[in-house]
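Before I ask anything, let me first share the structure, which is written out below as structure tokens.
Chains: A, B, C, D, E and F, in written order; residue numbering restarts at 1 for each.
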Amino acid sequence: MGLFNFGHKTFRHGIHPPEHKSETNGLPIRQFAFAPLLVLPVSQHIGAPSKIIVREGQEVMRGQLLAEAGGYVSVPLHAPVSGRVRKIANVPTAKGEMSLGIYLEAFPASGQEVLESDGLDWETATPEDILQGIQNAGIVGLGGAAFPTHVKLKVPEGKQCEVLLLNGIECEPYLTTDHRVMLEQAEDIFMGIRYLLKATGAPRAIIGIEANKKDAAEHLSRNIPEGLPVTVEVVPVKYPQGSEKMLITSVMGREVPSGGLPIDVGAVVVNVATTAEIGRLLPHGRGIQERVVTITGPGVKKKGNYLIPVGTPLRFVLEEVGVADNLSEVYLGGPMMGMAVSNLDISITKGTSGILAFTDNEVRRADKVYPCIKCGACVDACPISLNPSQMGILAKFEAYDEMAADHNLMDCFECGSCSYVCPSNIPLVQYFRMSKGVVRKRAAAKKEAANV
Amino acid sequence: MFKQTLHISTSPHLKLGVSTDDIMRNVVWAMLPASAFAVYAFGLSVFLLLVTSVVAAILTEHLLCRWSGKESTVNDWSAAITGLLLGLTLPPAFPLWMAFVGSVIAIALGKFAFGGLGYNTFNPALVGRAVLQAAFPAAITTWHPAFLEGRFTDIASSTLALPFMEPTYDAVSGATPLSAFKFDGVAADSADLALGLVSGSAGETCALLIVLGGIYLIARNMMNWRIPVSILLTVYVLSGIMHWVDAEAYPSPVFMLFSGGLMLGAVFMATDMVASPLTAKGVVVYGVLIGLLVVVIRLWGGLPEGVMYAILLANAVSPHIDSALQNRVYGTNKKAKAV
Amino acid sequence: MKEESLWYIFINASLINNFVLAYFLGICPFLGVSGKLETATKMGGAVTFVMLISSVCAYGINAFLIAVGAPFLQLISFIVVIASTVQLVEMFVRKMSPALFRALGIFLPLITTNCAILGLALFQTQKGYGMVESLVYALGAGAGFTLALVLIAGLRERLEFAEVPGVVKGTALTLLIAGILSLSFMGFAGLGG
Amino acid sequence: MNKHTDKSGFFAALEDSSSADTFLRGLWKDNPVFVQVLGMCPVLAVTNTSMNALAMGLATAFVLLMSNVLVSSLRHFIPKQVRIASYILIIATFVTITDYAIMAISVELHKSLGAFISLIVVNCLILSRAEAFASKNTVGQSMLDALGMGVGFTFALLCLGVVREVLGSGSIFGFGLFPDGFQNWIVMILPAGGFFTLAIWLLLFNILKQKRATT
Amino acid sequence: MSETMTIAPEQKAATGNSNKMLFAMVGIGLMCALLIVLTYEGTKPIIAKNKAAALEQAIFKVLPGTMTTAGYYWDGNAFSPLKGTEAEGQRVYAGFSESGTLTGFALPAVGLGYAGEIRVLYGYDPAQEALVGFYVLESKETPGLGDKIEKDPAFLANFEALSVAVGTDGNSLKNEITYAKSGEKQNAWEVDGITGATISSKAVTEALSTSTAEWVPRLYEAKERFKPQTQSHE
Amino acid sequence: MTILTAIAALGGLTFLLALMLVLANKKLYVYEDPRIDTVEDMLPHANCGACGYPGCRPFAEALVGGEALPGKCTVSSEEARERIAGYLGVALGNEDRKVARLACAGGANVARVRAQYEGMQSCQAAALVSGGGKGCSWGCLGYGDCEVVCDFDAIQMDEQGLPVVDTDKCTACGDCVEACPKGLFSLEPLQNHLWVACKNLEQGNEILEDCEVACTACGRCAMDAPGGLIEMAYNLPVIHHGAAAESKDAIQRCPTGAIVWWNADGEAEKGRDAKKIIRKGAREVGVS
């Protein structure tokens, strides 16, 4: 592979799954209807759950705070619609577990107007103000990870942010939210960049975009405001370039150390949609109420990019867009890293970037699993140069500790490249996810034993 | 609206869609031209030889699976590859009963005992062939002439030798190009070698058709091109140097490339994915090692041909190559362990 | 009569007539410690080392026994001296370098009853090798032993994670690999001549 | 020698078993080759013909018997610290004796067994029996044990020798078995054949064990 | 063995029995030496007889018509009867018929074959000025291929009368023994090789060639001086 | 003559060697308690770790060193433990025997599957795919990881896909506790009778949609049990063994049979009011 990419900036290995983006990348973002009942888990992000500050039966305004941040690595939750808190109870989540949440009954005539508080001017605000503002707005990474953005932006003592990297790669097949955001919300993105540059102290920003979104790249570079130190970098199409580490390597030619953070190589990476959100919300002191979601897949009748209020139940979304009768699987996120949904009563959260519906016809089910023939396809696909072949065999024989100790298991970020190429249909990613769970569990147990 | 139960499965939800049996099947297709030429050159005897070895391999695999209570793995096509490959490496008039024994050994000892497909650390066909070479050294070095009159109607008498009995030969050609060179210093014509107009093992004579099969597999991304290329390059360069040093004692590099089982070995045997290393670097070292051993054995060893031994030895070394030449893990200076 | 060159002695002892794969010497440790690459390498190193020492000892003893006219004491003297030398080395190493002892020392007692060592002493005497030839022979034998051990260890480590049928697991599998390796080593025949 | 009333419970098991058991254990249940995998070098090296296998087996059995007897009778005399060295001395003596005896019987046989007669010294079987059994038991018991182990060892060697000779040379104890024109499987008398044959015997034993375990 | 059930955990190495250890080991050593020596002395004559008989058998094979043999060695100038300590490469055995006439000489030769040394014994008849017999003493050549040098009748036929005539100068052979490809033997001094066992047959040829070149002129010159000995060599 | 040289040579040799060994014996003697080997031989060699030591050898060392008592080894037979205790001259120190208990009764006949899981047949793997698709997100997935991981053959999956622990074979090694992704196993003293076979944290009858034998957190058991024995916490009864004597009264009024009484025969008895489940086949798969 390396040979053919010679001269282009990119990372090692990687794969080229079919893109399927043309089905939705020409469709502008449309506003979605309000569902009658919204389901809002308090844990929509990585970190401590938000603390509920409303009571059952309480009436809330769209944009009003429902729950405040439960700590530093946490964000508040705002009401996506005006309505009444029906119940505070266990709500279903995409992970399949029940967790604490709020059932919010929308008023039948709930409008689009939003409760605002004091805005933040990017020119006068201090970096600390901006970080606080971002946390107050409830902003998390909208690319899918849902990590609280203000935490990520905080440059640790002694470190220097050289480049602010805007992630407009969107390497997952099918998904086009970032693509549409870049085309339609350039102003917000540039405004967001202003805030981010100030917050991180970075001298310049680079927007990384894959070559299959040339129109977005051109649109952005044409509209760069005077004096804003932003460049647009187009990189070759390759999965999983949208991963932070891969993007840094592609654009900056540096490698984030194992177990380290982008800031260790002088970069802070923020998703373009998150940036647009910051640019839109911060001047007005608002919180997140809705996000752009690509709804697509062979099982969907009205494909497109929709602006959907957070908390909208999946069932409602699918009913609105219409799905095929022989619907078989529904995924949240892209087809490579997205999660299958077992329960349609779960809701759209801040991290939901796409909804894919596949019918019986598209889902490959009876794949026979062969033994690993050591063809090396996975080794040539793994973007972080692990040895999935060997790790798969070790996992099969339950040698989890060996995988972590000798094979850098914990560096795997489950991009799915290995499983995608495996001719023997070995569920490598599932093995690794499982093994990581076991390793973490054992490490925790060990730590506990040491403390006792 | 939602008529049926949802299904859930793990990510990624997309698949490249080339499966192991596809690869194996295509390897068989790629070997067919060379096999067809073998039948054309040596006639009915080779046809029977190939059929025997393939059938024996498939039968052994099936029965072993049955006895051990496993699901039969015959339809992954790997047994067919082993059988066909073994058949192609045998002399044209090789007794069928010996070929049968070889196939059984290849599958039972070379593959099944190690845990079946995916775990065979040696190329099973070569294990079979190595045992045959050691068991019946005379029969396996007795060459039948190519393009005999009536080869499509008559069967060589040695082909039908009774089981456990010593074969008798009716037409014995002098020697393969390699043994002719080694012991008598006679080098065969390069064009004859490339076109397969010489005697030798059933499937190794026509280098061009073997290369064709290899190109097909490489084009379909079902073979690691680095292996044959590095083997052939090493042999070419090394023997080129030796030939340049002493043209009398050492054959020309072209002769080295096209004679004997080098092409067949480099394209179809060394490329056995299971027994070769994983990484690109490792595979190149593996190929160079094979090339080196082939040249050493052919030029200085006691045997005229060393491809089989070279590949088996490299198979044995490949775990070490794997552990020494892993890719550097992203963001570290450390290489993952392989073994 | 053609003299055996030192090069030939080395190639012969290490590859063509490999102690493990052609002479079946040192099979017990071969089966025992070839499971892990690390131990195999160390064992190989320890055996080579002891071979060199006992080769010198055997040369000396043989000269002595011939001088006093008691060649019939060859075997008993060899084994006793090898055993005690190994023990002496063990003590010495333990005293001088505890690190080396931890790495190699634990294999030393195993080596006493390793037929490769005694075999080497007997063969070099039988072949009438001189001092230098004996040392080269020992070096070749040790290298061959290590090579066989390391190759098998690599394969066995890999096969630890394989669906080897239950009845084949263990010694049978190791012997099977050894058999295939032994066949492969036949390719070296005629080298160096 | 009836001072064995103070045996620990650990060795009581040995006492419980009858003498016949002591003998049969080595022959079958704890067969030195197929079960304990001891003394592999001669098992592989000199079993290319049945005759060699038999001779080697008997030679080993003889050394085993004699050294067991001697070790057992000297067991109160040898201090613990020098026991291994003493055992090696004793074993080496009997090996030398055997060596000369075989040479006196047949030069031809001595030649075909080669250095492997001498190498009986380092056969782990003998040392392990001396250490594990003879040094702790009466002369009679040790004799029985040695006999059992020796016969078991010879039996195992014959198992290999017969298979290798029949296939590899088409004969048994030198007598041709097959009509003229039998194709010898030369691999069987090569080193590789030794490995394969032993591997297959072990495999058969495992299958047998497994069968017995399931029924 | 009187082990007690309650061993104190802090047991020290017994130090008082050093003398006992020395005594035991040396005692056993002396006993062993005695045993070995007795066996050696007891079997020595039988072994010597066996060995001699085996060698004689081999000599009979390579020298047709021989009834008695005598061993000699070359001391650099002349042949003297064997004393038994000479290296093998210096030995030569003369054979005599019933009537006491010289039937020829048997000599060992060593060549480097495919899998190690090949040791052969060949018979030289100075009367015919030819090799008249050939016997492989030791070889590790591949069974079925290389071991044809022992069994292949066509190959063995080479040595029924292989010309080794001494040249006119008396110090060298007229024609040294050379190797010919199977079926291409043209001269009496050529060895017809074996197809499929080229290396082994070449090794034999080379061994014979080297050995005859050294020995045959000496033996030819001294052939008159060999007389049957009354007693067999050692 | 030969005899003399031979005897002199070998005598000298053995003398030297013996001298060396004597010196070695004096200088470098490492003592290891031989009882460790003996005790290790008496242990079952299962290396299960139930004793709290990494294997039988370390346990044997601890036994000889007096750091542990033979009773810790729950795997070996009573006689074996007594033999070790007798050999070492220590007390037996019997442990309360523990067994693994499963906190779920939601077999296929009573619990609903919401989405059909496809892929590797393992609970660990399935649990990572949207929780495994079972209606009750706390419930047993039934792929039998515990059965596989049990070295003692003590766990068998029944026809409803629930693991059944054979209390005679269970050694309380804890492997199943680690293996269950839903954390349903725990090691409980064998003499405890009351057991809550449910882990769901929902309150009310809605959970019965998903599982007919789930705990609805009605609290009747807590009311009926002797004071302090059972307390409701996070919508589940928590049993405080030792707070009061166990009483069968606690289970009688449970409407679903979620709280059970392990009787002496190793069977779980349900209360009087528990509804009887007669369905044998699997519950129909619910349409999401």
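Keep this in mind: contacts are C-beta pairs under 8 Å (C-beta built on N, C-alpha and C of every residue); 3 or more make two chains touch, one makes a residue touch a chain.
Just so it is clear, the structure is predicted and the values come from calculations on it, not from any experiment.
With contact taken as defined at the outset, chain A and chain D are each touched by B, C, F. Ranked by how far their CA centres sit from the centre of chain E, the chains are topped by A.
Interface comparison, A-C versus B-C: the higher number of contacting C-beta pairs is recorded for B-C. Here the CA centre of chain A is 49 Å from the CA centre of chain B. Between the Cα centres of chain B and chain F there is a gap of 52 Å.
Rounded to a whole number, the gap between the C-alpha centres of chain C and chain E is 28 angstrom. Our note on geometry: chain E versus chain F, Cα centroid distance of 73 Å, whole angstroms.
Residues of chain F in contact with at least two other chains: 2, 6, 9-10, 13-14, 17-18, 21-22, 25, 87, 114-115, 117-120, 125, 128-130, 132-133, 288. For chain A, the set of residues touching two or more other chains reads 339-342, 344, 365, 371, 427, 430, 433. The set of chain E residues touching two or more other chains comprises 5, 21, 24-25, 28-29, 32-33, 36-37, 40, 114-115, 142-144, 199. Applying the touch criterion to all chain pairs gives A-B, A-C, A-F, B-C, B-D, B-E, B-F, C-D, C-E, C-F, D-E, D-F, E-F.
Contact residues on chain E toward chain F in their complex (touch as defined above): 5-7, 9, 11-13, 15, 18, 21-22, 24-26, 28-30, 32-34, 36-38, 40-41.
Interface residues of chain C facing chain E in the complex, by the touch rule stated above, are 1-2, 4, 8, 12, 16-17, 72-73, 76, 189-190, 193. Looking at the complex, you find that chain E touches chain C at residues 32-33, 36-37, 40, 89, 109-112, 114-116, 142, 199, 206-207, 210-211. The residues of chain A lying in touch with chain C in their complex are 371, 393-394, 396-397, 399. Those residues of chain E lying in contact with chain B across their complex are 114-115, 142-145, 181, 195-196, 198-199.
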